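Two complexes are shown next, each including chain A; its partner changes from chain B in the first to chain C in the second.
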Partner chain A sequence: MERIRIDKYIHSLIKKELVSFMFRAILSDGKIWRDIIESISILVDEGVFIAGPNGIRLRAMDPSRVAMVDLELPASAFESYDCKDEIPIGVNFDDMKSIMKRVKTDEKLSLEKSESEARLKIKFLGKFTRTFSLPLLDIGKEELSVPKITFSTNIKLLVSALEDAIKDAEVVSDFIKIIVERDLLKIIASGDRGEVEIEITKDSGELLSIEFSEPSHALYSLAYLKKMMVATDLSDVCTLMFSTDMPLRLDFNMATGGKITYYLAPRMEAE
Partner chain B sequence: MNKLPWVDRFKPKTLQEIVGNYNAASELLEWVKSYLAGKADKKAALLYGPPGNGKTLSTHLVAEALDLELIEMNASDFRTEEVINEIAGGASLQTSLFGKRGKLILFDEIDGISGKEDKGGISAIINIINKSRYPVVLIANNPWDSRLKQLREISHMIKFNRIRSPSIVVRLRRIAQLVGVNAEEGALKRIAEAANGDLRAAINDFQMLAEGKKILRESDVIKLYQRSQELEIFEVMKGIFSANTILRAKMVAESSAVDIDMLMQWLNENIPNQYTNSEERAEAYDWFSKADVFLNKAKRKQIWDLISYAIELAVGGAALAKKESYKFTKYSFPKAIERLSHDKEERDRRKEELKLLGRELHASMKKVITEYLPYINIIYSKET
Partner chain C sequence: MKACLICRGGRNLCGRIVCPIELKANSLIKNFKIINKKEFHGSSPPSIFVGRMGYPKVHIGPMVPPIIGDTSIMDMPELWINESLEKILEYRYSLIRGMMEFHVDCVKRGDKIITTLQEISLGKMPVDMEVKLIKEPIPFIKIDDYSQPFGPSAPLKSFDVFSVKVDYRLEKAYYDWDLRASEAVFELYRSGVPISSIQKALSMGSFGLLKDRKLVPTRWSITAVDSIISKRLIEDIKGYNSVDKYMVFSRLYMHNNFMAILMPGSWCYEWMEGWFPGTYWNRDSHEVAIMGDYEDYWGRSSYPNIGGCYFAARLAVAEYLKRIKRQAKVLIIREIYPEFPLPLGVWFVRENIRAMFNSKPIIFDELNLNYLRNIMRISIESWIMNSKILKDELFQRRISEFH
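Then we have the complex of A and B:
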């Protein structure tokens, strides 16, 4: 009789332990999370991850409300993933970035949030386990929706090509003009310091595909584009979409599953 | 349950609902419209007036009415030129990400810019105003600060007045209806008057007093006043202890609404807090005791002129006992008063009992205490 009671007690304890975690996710490579955090924190100081049964997502705008970042990380991108309900996880990205800088190669990462605590446990699982505890922020949730735009262009290109073009353009100006006509992506920058014109074509192998419904062109600020290039660690290929004088969209699909999307409002034409 | 503070929960949703400063809000709307039409007189608008009278709110509602995206910065974002350029500068050069008609750039609390820290802050704002393709709105409580001179010159000034208390009462009554609180008219009036034209403060006070209640009485509101008086006495203590002359200390004591008995209690409690050095302490208490002698004489013989000597001795002694310069001290509420209020009920009961006994024994209360009570106590303790 006594025996059974003890068993029952232990069982209830185990159950409690399991239930008390609202959210627990393990990534097989901690560096992926580090790169994700870096590509968010470059634009946003704080934000709210929404962890749900199907994965994690985050949508946030930079303080000037000119750029937006949209992260989707499905449960399948994780080695193991457990989350029953939707829970908000508000974080300060600078703080999380500092923690993630400590991750080492070949370390797994575990993210845990228990029901009772307003903290996120960040565990580095390597030769030994290191657990950081990050206080969570109670940030009022601003329901953001992504800009509703029909893009007239859809260009798939090597991340390295785009990164180089941006670096080139920075030499002479602080904004670029992107032009799509024929099967050609043209990036032009001009300023007091000179001019540069970059053509990215299929022949060089840097442009993987290009579709457009009409010739399009628009101006975008290099300050923001440069920040978005932090995400280039996550993927070798990116997708660029835009329409004439409309916002630009830049997708980075991660090999391990998941996607970071940036939106950027166009710069106004000089008068 | 809705967790939003009432100020936010019952915020006007349109310009028409604005209380008190409707004309100023309309003027802002007209100015932004003329800016968008390219006909504005100035490149920015400067809204000014005391806090809590709808300046920020009007800006939000104007932006909404005209389908403009609001880019908002307040004093904490102003600290460096860099941040201003990054946020407002970035916003002023790009179009809206959401296809809005345009933007409205708001610098709130610009008088919060302090000289040293915010190096270049003002000039960065001026720079943005000059370059921006979007209307810029500035908000200040006090726009007459000399540092804001340049901003005043390039701005269309719009004054927001204190909201009159009848208007505040109307608003409070409406909120009371919405949350289902039955509030006495006098209660609302008192809150409105105490707010002194600050509708936000009035709503906050009202929420603090009324939340979760069915009825709000005027007497509940009076209690709030008493608490704010208590706040004031900490200032009085600081003024007295930091004074360097008797005259200064006396002026502080007399300018406050605190009566002499209360003041004595507070000094008695806080002399040891202020002076940790025993010499200073002794000095302060020496003068304090002399003040007490005068005060008692004044009361006993009803020679009220003596009170002014008591004040001089008590506060002057407390002020001049210091051998070093004034140190910041945390003052505490007099324990004697705390205790007295704590066992007030017991004392009241005892008084009632004494009165009863006195009636039966044909004796005064004093006589009951000194001549009868000791025997009654003995009789009863023997019995049990």
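Then we have the complex of A and C:
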């Protein structure tokens, strides 16, 4: 009896919000968080979100160290956002993904972490409230820096055009060559199964802008590029940057604020 | 790709009634004693066969040699690694398969014959039996790339079992109707039950949630066990640090050249086979046939082309990495030379690679292509052209190089 009464008491405190939260954020559309989680989890199995006064960020490298994902979600992207200090939130993305698959259309999402618990509360606020509690991981905070590169090209294009080009290239090969010369983005793939050449120009309306300081070309793995196309749910337009034989950078700017950036290391040309 | 390399004795792709390789195997058993008795006493190793033809209605039955005594080695591939080909064929040829037709779902109904066969499948030592066949067994040996050879068969009239000494660990899983089959397989492996025993019990539908239990054709259950166990081991392996050097293992056995290259990096795995012209699945060609399959860190969602060998080798390397508590990029290569006479089943790959990982590796600071060139007969360039992992190692750069 005694036990039950104490539990009830603690519960009532939580309900009255007398137990303090270190971090609490509400997104007006839960599906955005679901898409963010999907676009991180295709590259990494574990990672640490850093929630700070100005927003949430995450930077992680895939296990083979070929690709990197960099998320920035400013406080302004949230309906309400409250976080005093920087706190690490280490999660297993498989588990987080399974939870986020349960989100329904028109549901708001609340993320909460209290001081006392090593758990993240994920609340779906819709017709009724559903609360998941995700155990957090104590992962050593390895501060990653992004690659230091001056990109010679900067191209804005519709994500649908890039997605189609990747699907075309996959038919014949495992990697693509990206070429920028004149006002033209050329994607070439070739292998035992054949060859394909895709030209994306401004005339078609799919290429929004193209800037380059010198003609550039590089090879990239299709397996990784295909994974990155998961983020196309977050944005209709992406920015592609690269230099000859250097990593590629792909930015997806979300309409609601925030950005996902991928980096992908190049392949060397085989003799 | 040549039909033989895809079929491997399992699908009759050439249209012949009997696989030519099977004919070759049968020419080797000509001098063996023909067993022409319809009724006999014998000790089953213990051993059960579940066929796959006609699935979901399959032929099943006990395998019993007309010999009383310790016959356990006859169905224990773990012990065959140093046996001669003749000896292995002799073991298999003495095991007579009495066959009955059952629907795979019969396990749920608790049929008397099925429960008796299940009990045999849980046995830890040979089981004395009396077997009555309807016809004399046909003197034939069945060969394919997945299962060990299978001997003469005949329709079964009846059988009697004396007492069965069951393995208590298998029995516990058998009576646990809330334990999933994959959990049971892994737990039994962890408690030291040999792979071949787990595989036999699984094929008799002895594990799993009660509503899910069914017969599993022997050939499928062999691969299922390799796949389930290695998958679980790989989950553990991914939590370990990477090896810090390049480790090369090799083993030449019975005209097969096995090599493993362990490279620093996160877990990924590739299995490659090179069939020389004149080998049984590449008989009429003048070129080496190279086939392979690959999984990245995240695993694979489709069934590999190579099938059984892929998972058998994956199990052997996962066991090794678990033992040294490291992860690695793993490439395993098998060169098959024309003198290798017959496919003997995936155990041949599993046990050879296990044995290879018990030998000492040669260690390098980098991928030493010259060393590899010297231990293989197929040119390293051909392997590179066909191998995802070698191409990745040689041509794919890392983000960390650009900081």
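Going forward, the second predicted complex is superposed on the first by the 252 of 271 C-alpha atoms of A that agree within 3 Å, B and C clash if a C-alpha of one lies under 4 Å from a C-alpha of the other, contacts with A are read in each partner's own complex, and residues count from 1 in each chain.
Throughout what follows, a contact is a pair of C-beta atoms (placed from the backbone, for glycine too) under 8 Å apart; a residue touches a chain by one contact, two chains touch by 3 or more.
These numbers were taken from a predicted model, which means no experiment stands behind them.
> Chain B versus chain C on the shared chain A, clash or fit?
Once both complexes are aligned on chain A, chain B and chain C clash.
> Based on the superposed arrangement, let me know which partner A:P53 touches: chain B (first), chain C (second), both, or neither?
So A:P53 meets neither chain B nor chain C here.
> Touching A:G194, do we find chain B (first), chain C (second), both, or neither?
Neither: A:G194 stays clear of chain B and chain C.
> Now for A:P215: first (chain B), second (chain C), both, or neither, which partner does it touch?
neither
> Once chain A of both complexes is superposed, is A:P135 in touch with chain B (first), chain C (second), both, or neither?
neither
> Please work out whether A:R267 is in contact with chain B alone, chain C alone, both, or neither, and reply first, second, both or neither.
A:R267 contacts both chain B and chain C.
> Which residues of chain A are in contact with chain B in one complex and with chain C in the other?
Comparing the two interfaces on chain A, one with chain B and one with chain C, the shared residues are 61-68, 147-149, 221, 223, 247, 263-268.
> List the residues on chain A that touch chain B in their complex, please.
For chain A paired with chain B, touching residues are 61-68, 147-149, 221, 223-224, 245, 247, 263-268.
> Quick one: which bits of chain A touch chain C in the complex? Just the residue numbers, please.
Going through chain A, the ones touching chain C are 45, 61-68, 145, 147-149, 174, 221, 223, 246-247, 263-270.
> Which chain B residues qualify as touching chain A in the complex?
The contact residues of chain B facing chain A are 69, 71, 77, 86-91, 93-99, 133.
> Can you name the residues of chain C that touch chain A in the complex?
On the chain C side, the touching residues are 238, 265-268, 296-297, 388, 391-392, 394-403.
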